[in-house]
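Chain IDs A, B, C, D, E and F follow the sequence of writing; residue 1 opens each chain.
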Amino acid sequence: MRIHIVNPNTTASMTAKVAEAARRVAGPDTEIVAGQPEHGPASIEGHFDGALSIPAMLGEIARAERDGVDGHIIACFDDTGLDAARSLASAPVIGIGEAAYHAASLVGGKFSVVTTLSRSIPILEHNLVRMGLAAVCGGVRAAEVPVLALEEPGSSARERIAEEIDRAIVEDRAEAIVLGCAGMADLAGDLSQRFGLPVVEGAGAAVKLVEMLATLGLRTSKIGGWASPLPKAWAGPYAGLAGPR
Amino acid sequence: MRIHIVNPNTTASMTAKVAEAARRVAGPDTEIVAGQPEHGPASIEGHFDGALSIPAMLGEIARAERDGVDGHIIACFDDTGLDAARSLASAPVIGIGEAAYHAASLVGGKFSVVTTLSRSIPILEHNLVRMGLAAVCGGVRAAEVPVLALEEPGSSARERIAEEIDRAIVEDRAEAIVLGCAGMADLAGDLSQRFGLPVVEGAGAAVKLVEMLATLGLRTSKIGGWASPLPKAWAGPYAGLAGPR
Amino acid sequence: MRIHIVNPNTTASMTAKVAEAARRVAGPDTEIVAGQPEHGPASIEGHFDGALSIPAMLGEIARAERDGVDGHIIACFDDTGLDAARSLASAPVIGIGEAAYHAASLVGGKFSVVTTLSRSIPILEHNLVRMGLAAVCGGVRAAEVPVLALEEPGSSARERIAEEIDRAIVEDRAEAIVLGCAGMADLAGDLSQRFGLPVVEGAGAAVKLVEMLATLGLRTSKIGGWASPLPKAWAGPYAGLAGPR
Amino acid sequence: MRIHIVNPNTTASMTAKVAEAARRVAGPDTEIVAGQPEHGPASIEGHFDGALSIPAMLGEIARAERDGVDGHIIACFDDTGLDAARSLASAPVIGIGEAAYHAASLVGGKFSVVTTLSRSIPILEHNLVRMGLAAVCGGVRAAEVPVLALEEPGSSARERIAEEIDRAIVEDRAEAIVLGCAGMADLAGDLSQRFGLPVVEGAGAAVKLVEMLATLGLRTSKIGGWASPLPKAWAGPYAGLAGPR
Amino acid sequence: MRIHIVNPNTTASMTAKVAEAARRVAGPDTEIVAGQPEHGPASIEGHFDGALSIPAMLGEIARAERDGVDGHIIACFDDTGLDAARSLASAPVIGIGEAAYHAASLVGGKFSVVTTLSRSIPILEHNLVRMGLAAVCGGVRAAEVPVLALEEPGSSARERIAEEIDRAIVEDRAEAIVLGCAGMADLAGDLSQRFGLPVVEGAGAAVKLVEMLATLGLRTSKIGGWASPLPKAWAGPYAGLAGPR
Amino acid sequence: MRIHIVNPNTTASMTAKVAEAARRVAGPDTEIVAGQPEHGPASIEGHFDGALSIPAMLGEIARAERDGVDGHIIACFDDTGLDAARSLASAPVIGIGEAAYHAASLVGGKFSVVTTLSRSIPILEHNLVRMGLAAVCGGVRAAEVPVLALEEPGSSARERIAEEIDRAIVEDRAEAIVLGCAGMADLAGDLSQRFGLPVVEGAGAAVKLVEMLATLGLRTSKIGGWASPLPKAWAGPYAGLAGPR
């Protein structure tokens, strides 16, 4: 089985970190291919960055489809462009945010999310509402740590995240924690030990969910909101993205 | 006052129709400037078309901001890219979908939406949930009419729309109807007369809401999810869109 | 265009303040006529005051309808008697509470309301739920300031309100603030400057929404809950209010 | 124990029917006193009728309080003026609509309501939402029977109601039925037999709920939305209603 | 009338306390019979204890049905096994948790629940959601007092409960309090006096609700989720519980 | 990895069918052990059957824990006893109902459930509400086929199920279908082909979700509602189930 991970931002070190987390848990027959677009923002912090990263990310997904893959993972915790990717791709697509929420809801009666910046909170809250999982989410909290600070050794990012986990346990009665940024993928083990509750990072969960869908033969339904793009007149750089139309 | 209408698809005849509907209701001191991007799909039917139209649409919004405007209207009923546009712009931004929902909720205890294709239903439903107005919406219905068919004289589009209005009154107990596509802007008057209930098209409503915000001096809050884009490394065509960073 | 503002309480100074806020933002062709009933409570603080003010307020609305107006505004933040007024009137009716909520939701992803007394909180919460806008409201807070204290120079009312705005930003993550009493109409500008976020008062918003409905030719739907009163036997002072029956 | 039933409309025959239903189920030590105001509409059909009936109804409640009672029942299925009555009265107050909903939810996993006219549906739906019981309500349906037709022998009212019960069982999967009008109080037994499921009328349920609250010593909380009216300047007929202020 | 109270745990002193609370409020013609199963846990603290107590509790209900009763009360605040009991019994069944929620919602616009251990909070929250009454519940709080500590004279249990009531009034804006454990039945009067708001214990409320249903002739609907058990092959100790099948 | 499947009813042929579906999709290193309790009902149809099957099922789970397993699957679509099992077990526990809902929500924007008997509908609806996934569920439908009829060759069960799928696509706008009974596990492939949309059976999905949790090292949180049973006095057959206490 071949799973394509696309990091929608242009920071290759973050792609590498996610791919590593993915390979750690992938099944023996699963090959992970990972990449990021050439164009777009170095990190996704808020709606604007997210919206502009989508076309190039869809370009990566189209290329991977042509190469042949069994599923795609969008490696941004905002689940950036998930709906458009599901419309375009024929293989299943999973966002690391949604993967983490589903996994957390299976081991904690209520989970809280700790993300980087508060501007991302409404994005995650809306995703949770759409997926229904807002009902089992105790809260979305921001550690107020820029995404790229997570890549810097010696930053106080880890402590800020721990502080919010502490609060989530007391104030939200969280029974599990979701780490709300692809860049936090390597912290889950330590934090779980420290706080004595499940701490979920999304990249690993996404791999296992794509493996699940592929093994069960489940592909994105094409009869509703994720129907394939209709052929139509199209001008400019992405004109051919959805195939000959 | 100067209001910028951006049609996110590339079909100039649709821009013209919306601009006409806008000018019909604009205040005596309001100037309407309208346009559409050079690149992108000829119509927006579903998530994929929408996602790909956003960058070029944001380009139009950035240009209008530089020229100086008091507000922007996104002339697609899906409210395409509304969050990203609010993050980018300093003037207020209104989508014609949201405008229609707000207006309808003021004259009908429950309204239903009649849109073009069923693939758009989940998009509108999610928008309604986010805005809270799902609570006063009786249903979103599709006439199964392609967007561009609305531009063709002699199509059966109008009758299909009327049939769904009939059903909405009986099955949803709708007290008002929202026409769920920019291309339906010219049908509202006739349908209202025929069915004896308010029929709302969004372009006119959006103009009056932008006028409201501008007159009241209300601008998009920049302390939450619609905060201005952060400066960061950026590669490719839209690198400078959010200004020098 | 002629807009009728009815203050449902008997305090003429409050009517004057609301009318002034209204005239400040009304269009060049809009005439504002404002009044209050002769009978009823001097202020509306809670369900009892509200219920008893409605018949005389409806009398004012009936009179204005006979005189000919293009819309009515109910100038109490509780939106007192809004449903009954919509049933009675043929012109559209807007409450200043609902107007403020709609406006705030267009400039803030989440807004909080600061009202006078805590006994009014459940009233506003129920209104928000009915309108659907509870979904985008972060909280309703009381400054514990009696309505008429807002009319007294030198009271600490303004500071109490500012304290609650402070809390709303931190605890509710409010991105916009709604001032929850007609008597606060003159504070919005200063508070917006001080806190760096949109602060909405309802009277101005209501004027622009009535102008919107009148310009768009949208009138209250009469096929559902706001149907015109049925003719029937009626005893006592308000027997003829709904016209010859 | 003494329970005061107030019919908010002026039709004495309806008061008599409700009082009879109440006496049939009252405890051996419970005295039922029932009345209706002198002024107001002959029936309550929609928001307008309801709003205008409240002041005179509150007058009846104030008089009963002075005479000494252990609880009040508002005998209109719309629960007209319930919040204002709870603010005014020191004894507990129950509406027959709410009583029926609570009782039905204890014997059916999901109940549907059959009321008279469709204009009343939004009123009942809002009440259900406020009480939370919308979550266990399958639907509110109108038999399109005017309230006073229920008083006429030989009308087709009963058959129209039966038809809606039939539909509620099939379409709403209703396990219990609530009869949504005080005038239907005498139909419950027959309909229950005919359809093989619990059919609830509200007057009897309200008597038992008032008996419950009185026996348990539970009175309306006065620290929130139902706090006693504040003393204030008041002009006109109901100036003294809330006592010396 | 004969009401059967079953305490699902095996602690006879708790049965006695509940029966006493029940008899204090029962009508003159109501006989209370109370018991507990021979087998099972000494107290119910969490899902596991609850699940294991149900079969023996259902055995008690079956025995009482054979003896002839007009209704059953499940005397555990978790409403343990309520659905299964309603399926089995032909007389109505009320849980003391649900009884308390319904009663509290009639005297307080918003109520909070104070229970024993935090592990019970999700159980009560789920019950409230199912019954719809979550919409009028301000919060469920744990005093972190083991159930059996309530039986010990001189424990600090009472003070811990009072502390949580204090917080509920301030933080949840609770207007009424529900005591969330059968073992707290004797504290309601004192706490109500001390805090000046209604404090509801469920056993008394349950008695009056069963009396209501029995007097009104309302029995559990058997056409939906509470249909009688179907006859089928059955192995082991409870094989005959649902009667000859 | 070793996964324990417990079928809570006593019908060994159903256990075999589920185990077969499980083994078809299990990873190369996954061993499936499956069983059913000796005591209890032959099928689970409604609340009563479910409640009585739980203690013996928990006995099976305790035995498997002693033998050493990496996770448990409850092979009843009602997710019978899931909370109690999670409290008791130290390895993760997944219900086949919840597994199917999660999987379906990843490939369909809205899914509908087709179960056996209408008496099970409220059970599944409550589970969906608790898990949050009610928000993405279009409806729960019953084919009115007894559970054991699914085991009979030549029954009309398959056609009844297909009819409900047809309706779900039209009436619920379902984009995916969940087969709501363990006994339907072998129908998914054919129905998916026939209707051109994803059809999910839960046993396979549950295997992959347990593999996910085990691989990611995620175990049930023990700090909330699923905390381990407290030691306490206990009488009768299941006294020692939670270990020495």
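As a working rule, a residue touches a chain if its C-beta (ideal position, glycine included) is under 8 Å from a C-beta of that chain, and two chains touch if they have at least 3 such contacts.
Fair warning: this is a prediction, and the values are worked out from it, not measured in the lab.
*Asks:* Can you list every chain that touches subunit C and also touches subunit E?
*Replies:* A chain counts here if it touches both subunit C and subunit E, which gives A, D.
*Asks:* Could you tell me the least number of steps, going only between chains that touch, from subunit C to subunit F?
*Replies:* Steps on the shortest route: 2.
*Asks:* Express in whole angstrom the distance between the two chain centres, defined as the mean CA positions of subunit A and subunit C.
*Replies:* 44
*Asks:* Report, in whole Å, the distance between the mean C-alpha point of subunit A and the mean C-alpha point of subunit B.
*Replies:* A distance of 29 Å separates the two centres.
*Asks:* Residue numbers in subunit E touching 2 or more other chains?
*Replies:* Where subunit E meets two or more other chains at a single residue, that happens at 109-110, 118, 121-122, 129-130, 173, 224-226.
*Asks:* Pull out all the chain pairs that touch, please.
*Replies:* A-B, A-C, A-E, A-F, B-C, B-D, B-F, C-D, C-E, D-E, D-F, E-F
*Asks:* Quick check: in the complex, which residue numbers of subunit F touch subunit B?
*Replies:* Answer in residue numbers: 109-110, 173.
*Asks:* Mind pulling up the subunit F residues that touch subunit A in the complex?
*Replies:* Touch list, subunit F to subunit A: 25, 27-29, 92, 94, 98, 102-103, 105-110, 129-136, 169, 173, 175-176, 189, 192, 196-198, 200, 204-205, 208-209, 211-213, 215-221, 223-226.
*Asks:* Write out the stretch or stretches of subunit A touching subunit C in their complex.
*Replies:* Answer in residue numbers: 118, 121-122.
*Asks:* Inside the complex, what are the residues of subunit F that reach subunit E?
*Replies:* Result: residues 10, 38-43, 45-52, 54-56, 58, 81, 83-84, 86-88, 118-123, 126, 129-130, 146, 224-227, 229-230, 232-238, 241-242 of subunit F touch subunit E.
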